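Let me give you the structure first, and then I'll get to my questions.
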Amino acid sequence: MPSAEPLAAATREALLHTSTASISTELVLRGLPNTFMTGVAPLRPGVRMVGEAFTLRYLPARADMDERRIDFDNRTNVQRLAVEAVGPGQVLVIDARRDLEAASLGHILATRIQARGAAGIVTDGALRDSPAIAELDMPTFSGGPHALISTLRHHPIDMGLPIACGGVLVVPGDIVVGDGEGVIVIPRSHVDEVARAALRREQLEAFITEKIATGASIVGIYPPTQDVMDEFEAAEAQAPRSINDQDWT
Amino acid sequence: MPSAEPLAAATREALLHTSTASISTELVLRGLPNTFMTGVAPLRPGVRMVGEAFTLRYLPARADMDERRIDFDNRTNVQRLAVEAVGPGQVLVIDARRDLEAASLGHILATRIQARGAAGIVTDGALRDSPAIAELDMPTFSGGPHALISTLRHHPIDMGLPIACGGVLVVPGDIVVGDGEGVIVIPRSHVDEVARAALRREQLEAFITEKIATGASIVGIYPPTQDVMDEFEAAEAQAPRSINDQDWT
Amino acid sequence: MPSAEPLAAATREALLHTSTASISTELVLRGLPNTFMTGVAPLRPGVRMVGEAFTLRYLPARADMDERRIDFDNRTNVQRLAVEAVGPGQVLVIDARRDLEAASLGHILATRIQARGAAGIVTDGALRDSPAIAELDMPTFSGGPHALISTLRHHPIDMGLPIACGGVLVVPGDIVVGDGEGVIVIPRSHVDEVARAALRREQLEAFITEKIATGASIVGIYPPTQDVMDEFEAAEAQAPRSINDQDWT
Amino acid sequence: MPSAEPLAAATREALLHTSTASISTELVLRGLPNTFMTGVAPLRPGVRMVGEAFTLRYLPARADMDERRIDFDNRTNVQRLAVEAVGPGQVLVIDARRDLEAASLGHILATRIQARGAAGIVTDGALRDSPAIAELDMPTFSGGPHALISTLRHHPIDMGLPIACGGVLVVPGDIVVGDGEGVIVIPRSHVDEVARAALRREQLEAFITEKIATGASIVGIYPPTQDVMDEFEAAEAQAPRSINDQDWT
Amino acid sequence: MPSAEPLAAATREALLHTSTASISTELVLRGLPNTFMTGVAPLRPGVRMVGEAFTLRYLPARADMDERRIDFDNRTNVQRLAVEAVGPGQVLVIDARRDLEAASLGHILATRIQARGAAGIVTDGALRDSPAIAELDMPTFSGGPHALISTLRHHPIDMGLPIACGGVLVVPGDIVVGDGEGVIVIPRSHVDEVARAALRREQLEAFITEKIATGASIVGIYPPTQDVMDEFEAAEAQAPRSINDQDWT
Amino acid sequence: MPSAEPLAAATREALLHTSTASISTELVLRGLPNTFMTGVAPLRPGVRMVGEAFTLRYLPARADMDERRIDFDNRTNVQRLAVEAVGPGQVLVIDARRDLEAASLGHILATRIQARGAAGIVTDGALRDSPAIAELDMPTFSGGPHALISTLRHHPIDMGLPIACGGVLVVPGDIVVGDGEGVIVIPRSHVDEVARAALRREQLEAFITEKIATGASIVGIYPPTQDVMDEFEAAEAQAPRSINDQDWT
């Protein structure tokens, strides 16, 4: 399920310096309002994530589909196949039907996913060994913690299909971005344009915020009038705001 | 997605005369506890349903996946393809992620599904035109009513895959049974054995209920002792209880 | 757990002709606002229930507490002991923690409870064989239907203790009243007074409703002025309103 | 709060013969997707409702705002003022914040509202004396039943303001339509056009349903091709389908 | 909407050194149990808030009420008017109907609110740019984070009216206090008395806690007997406990 | 309610160095899947807890059961009796029916419980003064914060009985373990064996994690083949992994 072409470096760089809030607004402006996951929170709020969606779908467990409940055959279990298939720059996104009464993944598999170079893990179910997962360098996002192994409630059914996660549609190859607020999904077809526009919006909003923070009214500034836009463009032309000037959280 | 072999007539007949409660118990005895859907109710409680699962999966709507929002191209829209593909003896089972804020199907499509000879419709989402659907001869089961067309919240993504519905795993070809209590799913591999055992249980429980209703204690009768079982077997041998003797609701 | 003294005939008669709404108001006036169960509905809305609470408490199932999962030993299983202990005029009230993903009781046990002369069954969990239970003469109230036997999620732990049901405290011996609206609990110490007052309120409200239905404003009538009260008292003195004059639903 | 001009007779007639499902679709086509209430059901599914919204807003009760808890001063209590202000052709719509743990209105006030000629009552809270309210001629819709008087959880704060009900915005003067499916809100500015279009859609869908019910595929018929539209127009021109031809539920 | 008279300095000082828990108890003692918001948490648990409620009410969005979805006219949009109207010492309290699937406010407006000298922001909806908002000096409280702009789900309808927030009634001018536990609302008429009593309770509880922490039983101490009260009064008379002696969290 | 025999020192030591995730897996392997509480989180994620369950049961408050609402008689109030009865090595576990709209315990009682040497507090309700409780040395776990005193919604009914907490059955004397993930319950009969096995699993998983973290595939390692097990056993035989070698969170 590798994407035909990797994400452009400039696009990745822009997304690493843009909040999910700015990305959301740019997606709304392009007719895509339902892209930010509800109820999916970061285990390490300070670590940002950008990657390509690698999808894994769980269904409710049923005994005739799950021969053995604890041990797993790495050659046939779809969860295990997914863990050994997710690659550099990809985010494993799990559709766990928002079921928080068992885990959907644990620490050892998360460690393997990190070792494979993945960009992150997102699940709308729970994670087990969540304190240990929170110490990985790789960013992870979940619906909560639960110690129970996944197989008691979940049957991994397939990977590489479109799924729902946190109330949002995720297509393999979509770009998934995470920050301290949560997780947003960008359709691959829109990503370069949205990344560029969101970064620009981020910079414009930083410019506006500076004015507001020092006492300006929002009237005539937010939303910006043409005058404000011209002033912003001039300031940028003179001294381009580095994407590192800002304090990204 | 037609099953290789039709459901045996005796099995179908048994299931039509067995409650979902008795079927559930027989499935539990075979290690399958999670088969009865939660939150999925009959629009016509008095009409029983038996059929083979024909699955349809919805995901959250996203504009880049849904070109037009109201009109549908019957040659490409997966919902429409499913409606024209479901056949005699099949039950259309929709995974709508338990989202009750828009419909997952309406009256005209339900009418077409009935005309195609389908055995019923099950969704864990909502139905629109639900009063009209409740007047079809074909049994339907849903999570509730909602007037809003499905496309505002749902994108039909594929058919013929395993899905979740009402918290239960449904595999295409599974046998789906509905009564006044709700909907249960029987793995195809278990259906003949479970149908036979459930009908037997139903008859035994009717035998026991008669004793209880006329004043017997449950002690020694429910669960039945060997004596009660022998008495039941003898009664059955002498005058087999027709499956039509009972008042099925 | 039989109560020391049976419910007075006049009290029972009054409660059989009073809505849970009127009883609720009289309890509120005596400082008892939290007595009507939330989320507990009648299977037969037209059948009224009055009885003494016989309580049964369930806890989440755990394997070391439940030796066998399907069969039950009637001499040790607390649910079965309760079924054989509940007596004439009593209502079996089950605390099932509002868990609707398995049944808390089924048809055969309900039939036995009816045969023992019980006044009804109330559970904030689910009932299985619910279509059959709905055809019993005895009134039943539940949080919904579910086909799965209780033992998969519930462990019957004790009977005769105070419990919570539908968000309301129920003490053994409390009087439990049900109608088309739902179930209310009256502390035994208050029952005679509340029954008398609620019946009086019911009659007064019928008197007021007649005026309102024929065009009177609520102003000066509801709440009633002293004039209206005097008129009501006079009418009652002249021609006492039989408790059967009203259309009880 | 009476509207400047009454609803046109033709518009009212059209709405009385159109399902909320058809109205919803016409509103979606005009950019208004969020108009059908979620979780608000009819007490008498067979009785249709059309009227102008008269709004009443409740907030959580707080003792300093509620001098007396049981009795009400009809000259100052906003709930009582609303009951005596709602007039012929109006629907009292209550914003009860979807709180189902106390009533938002009871039988006597509902009777008075009916006597005043109101077209109906809608609340996203609960109704008390719900069995008696279900026997009124006037249609009512609620989130469920509860016996507890409203004042324990609700403080009526004002009337005639825009409110939320069942997740939908309701502006005084909006047209509110109810049927067996539930309740929909039509902005006053759109009502004549939407009523006409929805009735036309209803008739077209009846025409299509007849074809589907007798065996036609949906392909080329639903959505209708130009040929089907022409055929429908010709049939209507020849023998106009009376709005009473259909079986409205 | 400025209050006639500012909060007394001693009252403000007392509230800044009193926990919402102590305030809640004093309100309960005066017949006001429902004043602490449920489901509304601090973004910066360590920063305490005291201010006067400035209310803003949102309703579900509907297209005919919202001309443009992204840009806002600062002269007509009620949200923007509120941001430019809230003043020093006031807390902007938003009724967002506990809807957590879109934001109710973002970083730039929060920055402006802080610049205007406001005492804080409280919403029972979500905040966007929540990591940036968490870094403001001004305390903020919300139901959670969400990146989606408010206009997709919310229509700001009015300001300065009583509202519901977190299940609690908030009247403009009420005093709103926040700490690491959450947010409580004090009716203006009660604030001086409650602040004084709550601070006294806080000091008494600190006195009691010291005894308990060093090994005393709660018997005879909590609740305090007259002896304990006398001892506390004597200690206070001799060496008044400064309100800064305690470790306020 | 002290247990006949104290927890073996080796068992306690093992549990203090084992995650709830590993304990959960060992319980699943012994047929006990439902032992980890859902929705119960640590106030201090870094502090581990091991103790014996001392149970306290709350029911919904009802005025006739609660003579006085604010003050408590330490000689009769069950909550207060429990606080003075819980002893060294015990964990007070409260069944608050997952009700989060009032507290179930506050700071002074928590301080007393710590002073009595208890091992911790667990409630599926809320805690008040939660910021202060979070600073105690003793670990606490709850469903959330709420400032309202418990008596407005809870009536403490008994102690020392089996209860439900966070969806899990808790029997007095069960061993309760808490870490950064949450709380798990181990039946007393299983505790020595489970502790030993869980610690072994923890060590094995640390051994496996090291391999995975340095680049090994999960294939052939997780689940471990016999070769991996032999290697682990050999490494342990040569240089036993101290239980303090690992970074416990």
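Letters A, B, C, D, E and F mark the chains in the order given here, with residues in each chain numbered from 1 onward.
In this text, a contact is a pair of C-beta atoms (placed from the backbone, for glycine too) under 8 Å apart; a residue touches a chain by one contact, two chains touch by 3 or more.
These numbers come from a predicted model, not from an experiment.
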Chain whose average C-alpha position is farthest from chain D's own: F
Chain A onto chain F, rotation angle from CA fit, given as a multiple of 5 degrees: 120
Of B-C and C-F, whichever chain pair has more C-beta contact pairs: B-C
Chain centre separation (chain A, chain E; CA means) in Å: 32
Centroid spacing, where centroids are CA-atom means, of chain D and chain E in whole angstrom: 37
Chain B and chain F: spacing of chain centres that average the CA atoms, whole Å: 41
Shared-contact residues (touching 2 or more other chains) in chain D: 167
Pairs of chains found to touch, sorted by chain label: A-B, A-E, A-F, B-C, B-D, C-D, C-F, D-E, E-F
Residue ranges of chain D in contact with chain C within the complex: 69-72, 74-75, 80, 83-84, 100-101, 103, 106-109, 111-112, 114-115, 128-132, 134-135, 145-149, 152
Partner chain A, residues of chain F touching it in the complex: 19-21, 23-25, 28-29, 33, 36, 38-39, 41, 45, 167, 179-182, 184, 205, 208-209, 212-220, 222-223, 247, 249
Residues of chain A touching chain B in the complex: 30-32, 34-35, 59-65, 97, 155, 157-158, 161-164, 167-169, 171, 187, 189-190
